[in-house]
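Presented sequentially are two complexes of chain A, the first with chain B as partner and the second with chain C.
Up next is the complex of A and B:
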């Protein structure tokens, strides 16, 4: 690790103040990704601003019927929170499908949003990578790209976002609350992460010095008909090759509202409202589900080793929709 | 801001296996390195040093974490339990006893992490079957492949002993 300064902030204002004017400073909470990146010399912050003492550990009901999760609530505490488990089982399932219990105990809600890709080339400082060293090139395109993106990639970057939790948050249409030098603002989840374009070094739309303070869930949690289906090389403790988060609101056997997001396929959780629209007002049907899967990959492009993901998405979407209709992964 | 912070090191207080220690640490010192290199508690192992193998697992305020990914300075005020702190004198922790009875290790390198992780797992209370144990111990790798006996040992420790 590089040598760095250390500041322990007592409240949000102090943390934001400590970060202002130093673009090389970074906030740290769970540290499960950042400390690892520092050991690999992929991250070399001038200063770490320890935010773990900030009062952002509450899970509280919102006046609109939603639920607010403080940025420092651990992934474990979110997954096992009674309100989350009963009202947003999709979110609990997604969190518990990721990492290990030790990592989930450490990792924060805000940090999960900000974790970086596990692209092997990003992690290997001896090789070029446009995300790590802008303009240096992307060896993944013509290299080993089995885990890489099939949707929304650019010539500059084919990395995927690694989070499971964020795929559920995309399907649930969460809101991210942040505070920065210019004050507080709310970001719709679909707008929080970005596609690589010509600036793959930027994973999110956060502005310099902005701190994630909370994630808010809307009232509708699709508890009766949701699932998180994760396909991976190992049964546990592995990143998704493809994952599907589905939430359905069923009325008299008809899909009144559908939410669907994909993980493991793009630089951000992939939500396509036009695919959701195909389901609305329809009765559950395997041919319909197959059409939705086909629609989702209409613009998909493989790079060679990851071509299989296109077929995998089609099939995983069908199975996930079947599971959601039936009431969940084990129904 | 943190009082007692010098240019390079910070003063922290840690309770380690019941003893309160006042320490001066550089901010880039991991909890694992502090335990092993400064405090001589070499039971916690540096396997991968990247949070992938679980050999460094310790309990911080009763919660299992990867000490290799934890900066010691950020644990100021915490209570840390390592493998060296599980037994009560000569009386082994029930999980230690169960690991011996089930032959739940071969080379033993991962065992301190497995044990601390299992203590955390039982405290969390989410494992209700052998499948649950397998899933919730997935953060601890064993290259000797002692998994079946590890699962059995933890399963026994979770059940109330009839002879107790």
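Up next is the complex of A and C:
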């Protein structure tokens, strides 16, 4: 861990002001990822700006019928919030599929969005990694890549985004509210995380000094027909090999609207509107679901150890859609 | 007569552990303590050409950066570096030369006022290395395999017998398969750590995380050329070890080196990531060839194994012997070889050798049962070994049949449909599998000292360890029974190199070895006390034969007349002495040579497999253990439950993944290196089968630290086959292998 300064901000303006002009400063909330990254010398902030005193802990109903979740609301509080649990069970399920109770109690909503990849090579400062040390290379591509991306990867990086919550937020088409030196703005969830391209060091489209203040959910929560299916190497406390978030609006046995996002397969939660379009107006059917799965992996490419994820996505998509039609995950 | 042995006694150190009073190696305080942080090599092989520590040394509070350039030259010659458990070869010597032998090898120690500063300063040390090509892939280099020189344990691979290859070729039913198992790391919760306290007279008190305080003490004394009294090693509490603490680890050398050079108290603790730079269970390739007559009798068994060792030591373990031991077979061939790789020397890890060897054998037996269309349990019974075929001698005891019967009964094995994919729970495939386990039961030379004081209290001590196994509790029970004292009047001390000699805490032999010494020394005190009591003027016990006097609740009492009694305190007081003391050394009896001594087990497992997603859940395990007399059923069951959890991890999760291009373990934290979490662990039923054995030792206890783990992974692997019809012969069985 490097030596760093520490500032405690009282409100959003103060926090943004404190960060302005110092690209090496970082905001800290729960610290469940950042502190580990600092210990491993993956993050070396000049200064930590403690935002835990900021008034961002509310869950509020919005005039348009949506729900706004303050950036500092803990993952546990979101998952167990009665409005979230009843109107957006997909989000609750996704959060509870991740980490451990202790971590969820500490981790914040904003911080969950900013989790960094769990790529082995990223996590070992003695090794090359384009995400950690741009230009140093990507040993994962020809190395051990069982947990890596099959969609949207680049020659520079095949890391995947580790969050479960974000997969649900992608399916729910949430909006991320941020405030920075240039003022406040809203970012559509699909635009918040980015693909690695030739700049894998950048996980998101946040501009320097911007602070996540809230995540807003639209009115439609797909409460009657949603599921979060997480496939992993052990039954708790493991990152997804593949996960599927599904939300369906069913009218008279027909899929009126469909949302589907994948986790564990790409540098960002993977949402493909063309796959969703295949479901719209259709009656649920396993052959249709298989076609959707097939469609989702049409451009997928494995690197060897992760080839199995392509088959796994196909199967997991079918299972998740079946579950969503039935009303939710099976015990 | 009060008895504590055989009772469900709660851990005598339990309160100290849950209240934090029990201190571990990195928790001992010392005035002006400074902290060392280890820098490890990033490459697997090469030569250090330059180390620039100037930036680190420029930081206020950084005391020194020790490297091979400035570290004192320690003892010369391999022999002096060989600890009690070193395999043949040339042990690693930290900071003694510029050569890099494995990725993660310690190449510098930064010492600073605080741990954080030392760790930060370590990031500023620039190391230049001339890399050399490395080889870390066992499969890729199997052609370099050679027969390792004999190690103290195991002795040597037993001779092959009969003509296995011919018999195999002629037999009507044959199976042959290759099995692959990965590297595993022990990952005890307490990382390796040492706190060296420099005392006023210059002597060193070394709090170390170890399974052998005397092994570490003699090692340090030798390599530093110190006087015997100059270094004392303590390890009163050890937070798990599983074999990783049998040999001195490099951090203890670095901590002592720094403390001697700086004349300051020093602490060095490894990070979890650095815990993957030490010894590990070796990756092993195996081929099993089993042949049988149509009625299921084994006609031939060939067990070949190639395991990994380092370039500098010939580590080997007992992998193939089990095949000649566990079943009756006249035609057996063994082949056990190793390949030297650019990795650190492997280390014993809970049931070393048996873990992998029995896994392969028991999966092959399952395959043979399928080929014969015989029930897997029936096949084991058909080939039940009444004698040890390797050594051609009887077992001291073997209640394996009872293990099979009792565990099968509890599990409901008779309800199993032999057809794979035939049993279902809703959409899930259900599989039932079973396997046999065996592990050696040994006794080593050990000593214990006991002191009975005038207040009627008994203090017993031996330089053994309690690595979470319950040694404190078991020894207290044994001592209390020998003298008829209540538990609260007995204390047992361990984990101090200055105490009576004991072997390392490992090999499941602590109760048999140290327990025998404790029992013997307490019985010696009992005789002395009785003699004293009978010599007292007007003694109520005068002229009674020893067997007519009972020791109960701190009293000596005539069996025939309870009114004729004396308290221990009265005896000492009236005899005019303030304490009685003795030290006794026990050794294995001569009878040992005439018998083979093993513990046995049977494990039955149920798995449920998602047919589309490949996810596997272990839903039930029943295991029966025959391990001789059980000193404490509560800690014994805990030991076996923990073993089963280990078996689940080995079968389904644990895998230290090496990037062979980099020559480095890359799953080096507990997020990437999976062990079972609660959600992975089902109800586990442990049956401790009654087994009397008067040969193993006076207590009749065979040891339970390892036997519980041996049969679990193959039982699960066999259950996965039964559920899915897929024979996955490479551990861990992760879902991708089932897709």
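In this section, the second predicted complex is superposed on the first by the 330 of 331 C-alpha atoms of A that agree within 3 Å, B and C clash if a C-alpha of one lies under 4 Å from a C-alpha of the other, contacts with A are read in each partner's own complex, and residues count from 1 in each chain.
In this text, a contact is a pair of C-beta atoms (placed from the backbone, for glycine too) under 8 Å apart; a residue touches a chain by one contact, two chains touch by 3 or more.
As the structure is a prediction and not an experimental result, all values here were calculated from the model.
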Check your understanding: Where does A:154 make contact in the superposed view: on chain B (first), on chain C (second), on both, or on neither?
Key -> neither
Check your understanding: Of the two partner chains, chain B (first) and chain C (second), which one does A:32 touch, if any: first, second, both, or neither?
Key -> first
Exercise for review: Give one of first, second, both or neither to describe whether A:237 is in contact with chain B, with chain C, with both, or with none.
Suggested key: both
Check your understanding: For A:142, is the partner it touches chain B (first), chain C (second), both, or none of the two (neither)?
Key -> second
Check your understanding: Is A:205 touching the first partner chain B, the second partner chain C, both, or neither of them?
Key -> neither
Practice item. Look at A:124 in the shared chain and tell me whether it touches chain B only, chain C only, both, or neither; answer first, second, both or neither. Key: second
**Study point:** Which of chain B and chain C A:1 touches, first, second, both or neither
**Key:** both
**Study point:** Touching partner for A:282 - first (chain B), second (chain C), both, neither
**Key:** neither
Review point. So which bits of chain A does chain B touch that chain C touches too?
Key: 1-3, 39, 236-237
Practice item. Name, in rising order, each residue of chain B that touches chain A in their complex. Key: 1-2, 5, 8, 10, 27-28, 30, 49-51, 54, 57, 63-66, 69-71, 73-74, 76, 117, 120-121, 124, 126, 134-140
Practice item. Show which residues of chain A lie in contact with chain B when the two form their complex. Key: 1-8, 10, 14, 28, 31-32, 35-36, 38-39, 48, 50, 52, 76, 80, 99-103, 105-106, 236-237
Review point. Chain C touches which residues of chain A in the complex?
Key: 1-3, 39-41, 118, 120-121, 123-127, 139, 142-144, 146, 231, 233-239, 241, 308, 311-312, 315-316, 318-319
Point to revise | Of chain C, residues touching chain A in the complex | key: 40, 42, 116, 119-120, 123, 273, 612-615, 617, 652-653, 657, 659, 661-662, 664, 666-669, 671-672, 674, 676-680, 734-736, 739
